[in-house]
């Protein structure tokens, strides 16, 4: 594996490396870790890389790696949002598989174009919507698919955070990384783009529902900010399902309180990211059940995505690593000329990325129209 | 105390009686428990009443009680929604204080008229928005008032229930009491009127915020129903605060999961009706705190509304009884010619009832206009 | 009902009155609320009693009430421990039914004598081990009886409190009521007598197990105290079941954290007094279940001891009131000449009181012998 | 790093490898994964090792690695209990640093001997009492050391599991690995040795207390078993602290419910392994606090042992990896001739292993003497 971005001090780059390391199946061997060649070099030393495979730019890396016999099997892209498209395009066209951080691109248009590039390349493209890597999220998805909830009626997905609230009272934009506050780098939305998309992706992954219409109210509570730090949406899903998606970075004291509740005619489920090893199932007239990771009674996907027996808590890095393992499996199959397993691979694709970009675009468009109902464009 | 409605088998009548009994300060001595005089009489026997004070109609009761030396100090109204107005008017005009179940009236217009009747009567009128009787709700209100949360930014209040979902798949309207499904008896809304108003009242009580604009999507998931069994609202509160209010009777497996989250610049609070003895306070960079009922560190209102030391759980009936005690205190003061204490009385009034009716009317009006933003009319 | 003790300011007297009031079936009409006749009189006024039925001593009360046509149906005894025996004996021998606070007597010998007095009297004697009044405790008992746990293997019951810890660092005995620190008033044990017996009673009520041998280590952490404020016990129960019973008043910050865990070959249960409306059931290889009060799927005892539908939390007072209702039912049957219902009455009797006194005596005896194994004497 | 034991299918070997992999600082390069050379070879292929560094026996491995220029920096020992001593001795005497699974040895005598061997070798010896790797455990330790709890009074540590209960009703020893049921392989205790020692170690790590006397009741509930599957202990700690340590493998439905409660005169702490990212702190008269991993308000040890910001749950593998990182740091310092940092290293040593063996020996000795009080021998 190679990496673009994610040098010293970058949070998400470190997470990607731990996820890749965990199972001893993936080895980081090359990288362009910074647009500053000197910084890139120092990061390469941190990661014990051969100096000749530490590059000063992603373009150089794509070119030189493509020429090597022992070239990387895939590249991981952990640069700022506005560069995702160019880097992904470069590597895909140079014949590499790609794992890319989300949101996939700066704009929906870029997303649609990237979809075509991926299709043309025939390469594996994986988007790290990491929360779908949790075993109990996979169990929730299985329950919905197996009809255990009956017909779905309502879905509530939320992702409240508070990390940006310190800045509300006039201390500037401090805690939100500057680039996330800049539309030219982050895109049309901050909060919905950064975490609202995770809630949206989680709904799609577990329930299979798509948004038909959405009415969104985005707010920038932090004085002087161009982009939203809070958003609340009414949603009309496919199949007559109704619901809410809301996210926030000014919900003071909340941490990563991503959760989903899906209500069906037979049963309902509830899952909380901060307590990821449990899945709560509720019924009209029977005791509630708590499904817990690592138990034999769980479905095959939950089992396959667990590393330890029950009640040895698994968390964020393990879920992230599950996305890596699934993508690595697809890449290995491709390298070995194998076809996909029945049921396909289980990682977020370029299509999920397009759906996410369409979600962001729709929420911004609705909000600019006083929370009018709008249809996503993809 | 006298009671209109609430005879044998009526859930809410029994709750009112337990609330009145609990502290040994209030005695039920008269009633018109049913529109069927025979049933009323049997109920009177259940409650050990003198036969002569068990009446066949509320009109008879108001007239005969008014003529007695030892007349009741107040009447409790626990009839169906559409009768609240007429019964309240009758007793107020006959010179009685009134405790009335919610929603206050059938329509907003009735609510506005009742407000004038109350004002003219000079009598005590208490509406049993019982959830504000919980000690930790009072502590939450104190925190907001004392500025401990800083400036409020966002409020999320919800009341998901699942009791009506059994009927979704075509088995009729079964579990929702027939009268709640009938607009002529229940009013313009079922779900928002029955429980959405509780969420709305809780927001107002704790935060002091009023709704400036609301965009509501009400749904009747149960085939053949005229009234909503689910509703989701975007809200713009006074002071630039944003938020969500949602309620449901088809959230399968949820019970009475009323909760509120209020996010401020200094701290945030979270309270759950099903775990009422705790109040969670969250901060940007300090450990979360859990305030627990019955402790010496709580404010005076929480203390005054507790009956037992910490960790002897108190619940729904105790909270309900707190509303009764507060109203009874006002009634006693009036009987004894005392003026109200500094800070006033702490029970929901006719003004709260009008606000609730305006909330219901606004959600229905918005929903009929495709969730357009509307302003409440009162 | 009449009351001995429990005047102004007494915590447990107020609880008993609320429990008696709650359901409108029991009326306080007489009392000797204090050994000081003036204080007794003032308390009687608080409770709206006829002055002639407020007595200056329990002996006077027993005598005068016995002579009345409209005498009380039963007396509630809420005096200090060392007076329980004498008051109970006096009223039983005067022909009254008795509800008595726990621990039942000052010594095991008194307990055994009281058992004979009760038997001879033919009267109802109810001991307020109130925690067995919770609906979910009754559901737990049903599960064990119905064999849903299989064969029991292990039981862990605990009651940690922290209220006495403030005094550890030399500030005297402050927070423990003086009389509880005095062996002549409280008996041979403070902590095990006051709350350890509740844990012990809960085990017996739910599981039906008796202690065969116990090894106890009691400690007085508070300097200068004669009686224990903490106790830990290894237990060998009937049927080869093993376990632990521990209680504490120096577990700083714990409130009334009474809990029980009973482990069987088929399933296990877990119940926490501070979260009393839930009962957790665990299995070897199936999702955990949470049984919640008020649901239709519960057994008849849980249902009969609930007053409101699910998720309107019920608590300590309601559980206490259930003990009162059960005892009042037995008293009413006796007054009306009815025999007991099939399955008997469901309240703690003098036999439970004797078992509690034997438990206290055994823990003290073991502890005095360096935690040697001892057998309870009854 | 090299590994002895832990080939294909071995749970704990896989955990050690993931822990070593996670941070990209440690590379597995050699191993003797099975006593069957063929199996060892296949495992080596799984782990992408050079065939020449996959050995057929640990003795061969120690000898050949010692002779290499690029020899391993340390060996990880994950064989069955009875082989720990011989393998550790062999590698220490061959000049290697050692990371060893617990319990450290088969007997206390071996433990004492190993302590001398380690001392003589001058090598790093790390015992993987992995639960002390959790950040919030380190925060708890800091609180005790900084005096935030005041003087300790009582400690309750427990580790209930249920995995062995399926066999109680006569189906043999099935679910307990055969070797754990065999005293010649597992040692004098199964349950106390396997998990009781974790509870004991956790107490020592957080509180610094040692056991002065212990009274233990061990039980083999599974018919036909030679070794205990449940154990309950009364404990007298240094400094007059009292408490309980109990562990079980027949607590049906419990998973890895390791927890500790430490009660002090100023405050108390509570930590649960299944919810490892939270630490609850309780006070006599102040709101409870919940400290959560990843926040800036935590001490340096908690911070240094976290990989991600708050509320990205970290779990078992991360805690395990913290032990590896700490040991690897010590090994690196030794290789580079650096002295230990101020305050020393933070991983369990041979002394902790000796304490654990002494704990096991004492519980078995006490239990064989009818739970008499005994003193640990080391």
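A few notes on this one:
The chains carry the letters A, B, C and D, assigned in the order they are written, with residues numbered from 1 in each.
As a working rule, a residue touches a chain if its C-beta (ideal position, glycine included) is under 8 Å from a C-beta of that chain, and two chains touch if they have at least 3 such contacts.
Since we're looking at a predicted model, the values are computed, not measured.
In terms of C-beta pairs in contact, C-D outnumbers the other of C-D and B-D.
Of all the chains, the one whose CA centre sits at the greatest distance from that of chain C is A.
Measuring from the averaged C-alpha position of chain B to that of chain C gives a distance of 35 Å.
With centres set at the average Cα position, the gap from chain C to chain D is 43 Å.
Inter-chain centre distance (chain B to chain D, centres taken as mean C-alpha positions): 55 Å. Under the contact definition stated at the top, the residues of chain D that touch 2 or more other chains are 281, 285, 288, 292.
Of all the residues in chain C, the ones that touch chain A in their complex are 281, 285-292, 295-297. Partner chain B is touched in their complex by these residues of chain C: 11, 14-15, 17-18, 21-24, 28, 47-48, 255-257, 273-277, 292, 294, 307-318. The part of chain D that touches chain C in the complex is made up of residues 150-151, 153-154, 156, 160, 162-163, 165-166, 168-169, 215, 217, 219, 221, 230, 232, 234, 236, 242-244, 246, 248, 250-254, 261, 263-268, 281-285, 288, 370-371, 373.
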